[in-house]
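Each structure below is given as structure tokens.
One chain, chain A, links the two complexes that follow: it is found with chain B in the first and with chain C in the second.
Moving on to the complex of A and B:
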């Protein structure tokens, strides 16, 4: 068997060919691959398969092949699907702009030396630790039209006319849930950005200062490029989390009022497990999968090309 | 053979002997039949009553009863998953409506109990109203457990404050009462919109009011055309009017539990609830003497409500034992143990009204006056998918996003496309 021998600082090390390395690693990978395949890949593929059938979910009721009928119904007859798709896309766009921007600003602010810095970091991060369903319950009370904090506070400062049924009015409901998601999610992205900021080379920053670069110029020319790997992670996680938002919507509105806050992940679940239309649920899940891949793969490809430059 | 090895062999032998003895013990224990019963998650008082019922029956019969509880959705899911397998329960609790219990009857999960009805004389045991839900699919599917009536609970003091002296007997009188309450600065009626089914009670009752019993039945449980009946538009128009003028502020954004606090705290005069509400009225500090009940005045003399039953799984190996257990549950002895934990009135016509809560007797009168039968909540009449659409349309009318005139046609279009 051909091997390559390297001599490094007086020590001899053999470089094993890639195919040999794989065969040695395989025994360790197999259990994980089997579990991953069975519990993650197979259900995903099975959901896609199910989207071509009509099935009530009863084992006694054999799934009936309907081809692309579920997709045709989804796109032409489902009164909720387009609302769910629009809300999911809006949620992604807003998530990429608002909480990500706030998280970056917080990270930049809390990366400076200041009194109580660690306490502030903890305070902003704590909501990320809470289960989403707990956050939903808390914010449902905050938005309660009669007893809730928001309307009470508005009344307290003489703005009682601004009081609304925040979760009961289709004009405000989705935005109201989104505010809760910002509160919960911004801390996680902030921590990632804080970690990324530790990798910004101090010597580069010092050199920029010596060269007379302004704060904005240092941020744009030094900080932003150094944060690129972190930004890639934050953006991808944000997109994925935004597309699969579920718990907050279930806990705060259940998709209402009148399905106005419905999103793709919840509509897939509702079609399958509430409406017992597993084919339709599978079709929505497949659309969600395609949308996710359509957003994430091009971004990853772009960021990898940027990385290689 | 060294000492350690000898000890090891002895230990292995002892373990094997113990295991075999365990198997033998299991076989002895299996002489008595084991019955598994699946329920939804019970309130603490109901759970105590279930335990008492099981204990009382196990003393009488050589049967071990295992009760498994699940949340509402998990219970429905579990029934789907075990359909066609032998891993299900012997007995299961379910709602009787065609979209729920009827669905399980359709897929063959419920055992037709006709022979047991003859053997135990059950036809003579139950009230005709409670039997209606059992016989609606042909044969006898299930044994009645509750018959829940729904009507308007009202705060007598708030009615008096608004000058409403007589209990509304017609729909117009109900609207007049609501107007009087608004004029007095009192919220007429409370609903919580996030759960959908709470407000649905109002819509169902308005359909019954505007369409009459026969047309409502055709629409709800038959082949009626929601898009072709003018009364459907009238019902949705009235729904929108109630939403605009008479319901609590922000009702679409709160749950039924939150909304109920408005009634319990005297901030809303009426609540459209069911017999289970009797206990909640007391638990939340209201004197039941200060609360009245009247059926929604639809003009059809039918009472709004639904039934719940215990069904025998068609796949059970122990149908005789399951039937005997259900016979005990619904016997006078069993119903006395059950008390009014599940409903105001017993399905057993020989069991007197539990007078520990005076509202139970009020319901007895309401049931007695409803000669024309019952109309059922539409989330029990419709398939679950239809129900989701019904709620979307109902809420769209209430939020002003859908014209009441288009509501019926939109629902019918869904039914036609998904029928």
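Moving on to the complex of A and C:
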């Protein structure tokens, strides 16, 4: 997998005047500008615009300007919104700690030469190729209260009392979905970390060994610095994917029970398409946009600064 | 960095033919055991899905999920093809992926080339705007996207689906390819220019071939992502004959309950094309990951 890290090598000096260069660049830019502007930038901005209207989404109805009413309702009357916001934030934080940590440990372990290394790598990566919506269907079956693996296994080892309606209980539902997301997400981050580990300078590692540095000292002094760019990439991709979580929730609980597994991406969708409140949906989308930008723009700034160097 | 100066140190740390000390072997064995157990744990859901996919309804209700069936119901796979309308939905997914993925890569490569090698005024700002696009969740724009497609008369059409797929796919690819193209030495381009090569020729014959590992890695990623995409497809596609693979999963949950055997069979079938692409391109994928992931 490749990265979002910007790279510079060498500085170019060209004699062509700037405007001439733009006309040269334009043919290469036009398809992107059209597609990106029309089908990405415009829908994003339009979602923000819609958040100031009340609209059913039906063509026969005209959107009605309501100012910031949607936001007032969102922040003061919409309890589901606060649940969704909290769940999205929790999801981001947990994703940064648990699957990312497991992925790093696996990559460090599987970077050594050992029997069955490629097979193990494959086992950890395979869940990542399944569509999230199918992973959701799989795990809904695993969590089935009577016939599912989890409760049957608990009963099998004499812990039948622990059996739960994992997806039907507001206390456990979000955590249960999160377990499925760990299972699916670890492999991708692991591959990134494995790629990053290839850049650990072997000569530095050997020099540290000769100097008698312990495994931990070598990890701290050589591996960690070399992994820094990879870690940044993994972190940013993890944040983005956590904010986007949608398929797993739709497929496993649909946001229930009692909205306990609601997340921003799904709540925006539900308000627009199920409740026919495109204005409220737009307001939720705008909050999601702001949260996303607040998390990723610092990264962008960092990345651009790295490129300057 | 000189390799010759380092070679002795490298040789000293691992003398040829010498085994590691016994103490370190215990650590190695412990680590291996821990990894093997974790791998088994990771494999378990796949194993359970497989066991489910070969059981009939009676076995599903009586046998534990992990036990083999009393009679192997391979016919579940035939039912899966039937209920999930596999040939139609897989055909739709394949069509979308085979149009979208190469076209998207070409468009992304062209833009990355212009941004990285032509360096007009405003290139950096444009790169920044595109980079942000690679990070916004698609769900933000789904409502307006629905309206846009409706106005264009392209709702419920596979061609219509390709357009937003392209828009949401290219920003990340541009970002990655930009890094690659910036890494190409200027001398290469300059000598080609002295030989009279046009900008397009430089793009086609120098820059694109050099980016092959990155393009291959992106091809795999994008194929997997396109094949598995759900949110946009479920919003923009209506009629069943237009469904892609991820939408077909819902065919297995009817009013009377879910056909778990055929559904799990379908889940396995749905991943086969992705696994094929992954295995075919694995070599390039790893190269691309190595070359691309970590040049910061």
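Basically, the second predicted complex is superposed on the first by the 275 of 309 C-alpha atoms of A that agree within 3 Å, B and C clash if a C-alpha of one lies under 4 Å from a C-alpha of the other, contacts with A are read in each partner's own complex, and residues count from 1 in each chain.
Rule of thumb we're sticking to: a contact is a pair of C-beta atoms (placed from the backbone, for glycine too) under 8 Å apart; a residue touches a chain by one contact, two chains touch by 3 or more.
Note that the coordinates shown come from a computational prediction; the quantities given were computed from them, not determined experimentally.
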Partner chain(s) touched by A:293 [first = chain B, second = chain C, both, neither]: second
Touched partner set for A:115, first chain B, second chain C, both or neither: second
Chain touching more of chain A, residue-wise (chain B, chain C): C
Partner chain(s) touched by A:96 [first = chain B, second = chain C, both, neither]: neither
Chain B versus chain C as contact partner of A:57, first or second or both or neither: both
Partner chain in contact with A:273 - chain B first, chain C second, else both or neither: both
First, second, both or neither for A:179, with chain B first and chain C second: neither
Chain B versus chain C as contact partner of A:168, first or second or both or neither: first
Set of chain A residues, in rising order, touched by both chain B and chain C: 57, 59, 273
Contact footprint of chain A on chain C as seen in their complex: 1, 3, 6, 9-10, 12-13, 28, 31-32, 34-36, 38-39, 42-43, 45-46, 48-49, 52, 60-61, 64-66, 107-108, 110-111, 113-115, 117-124, 126, 128-148, 150, 163-164, 166-168, 170-172, 174-176, 178-180, 182-183, 185-186, 199, 203, 214, 217-218, 221, 224, 227-228, 230-231, 235, 245-246, 249, 252, 258, 260, 263-264, 267, 270-271, 274-275, 278, 285-286, 288-296
Residue ranges of chain A in contact with chain C within the complex: 1-10, 12, 14, 18-19, 21-22, 24-29, 31-32, 35-36, 38-44, 46-47, 50, 57, 59, 106, 109-110, 112, 114-116, 119-120, 123-124, 126-134, 137-139, 141-142, 147-149, 152-153, 156, 183, 186, 191-192, 194-196, 198-199, 202-203, 206-207, 209-210, 228-230, 232-233, 236, 240, 243-244, 246-247, 250-251, 265-266, 268-269, 272-273, 278, 281-282, 285-286, 288-289, 292-293, 296-297, 300, 303-304, 306
Residues of chain A that touch chain B when the two form their complex: 56-61, 73, 77, 79-80, 143-146, 164-170, 173, 253-254, 256-260, 270-271, 273-277
Parts of chain B lying in touch with chain A, wherever the complex brings them together: 73, 77, 80-85, 107-109, 193-196, 248-254, 258, 262, 383-385, 388-389, 391-393, 395-396, 398-399, 401-402, 410, 414, 417-418
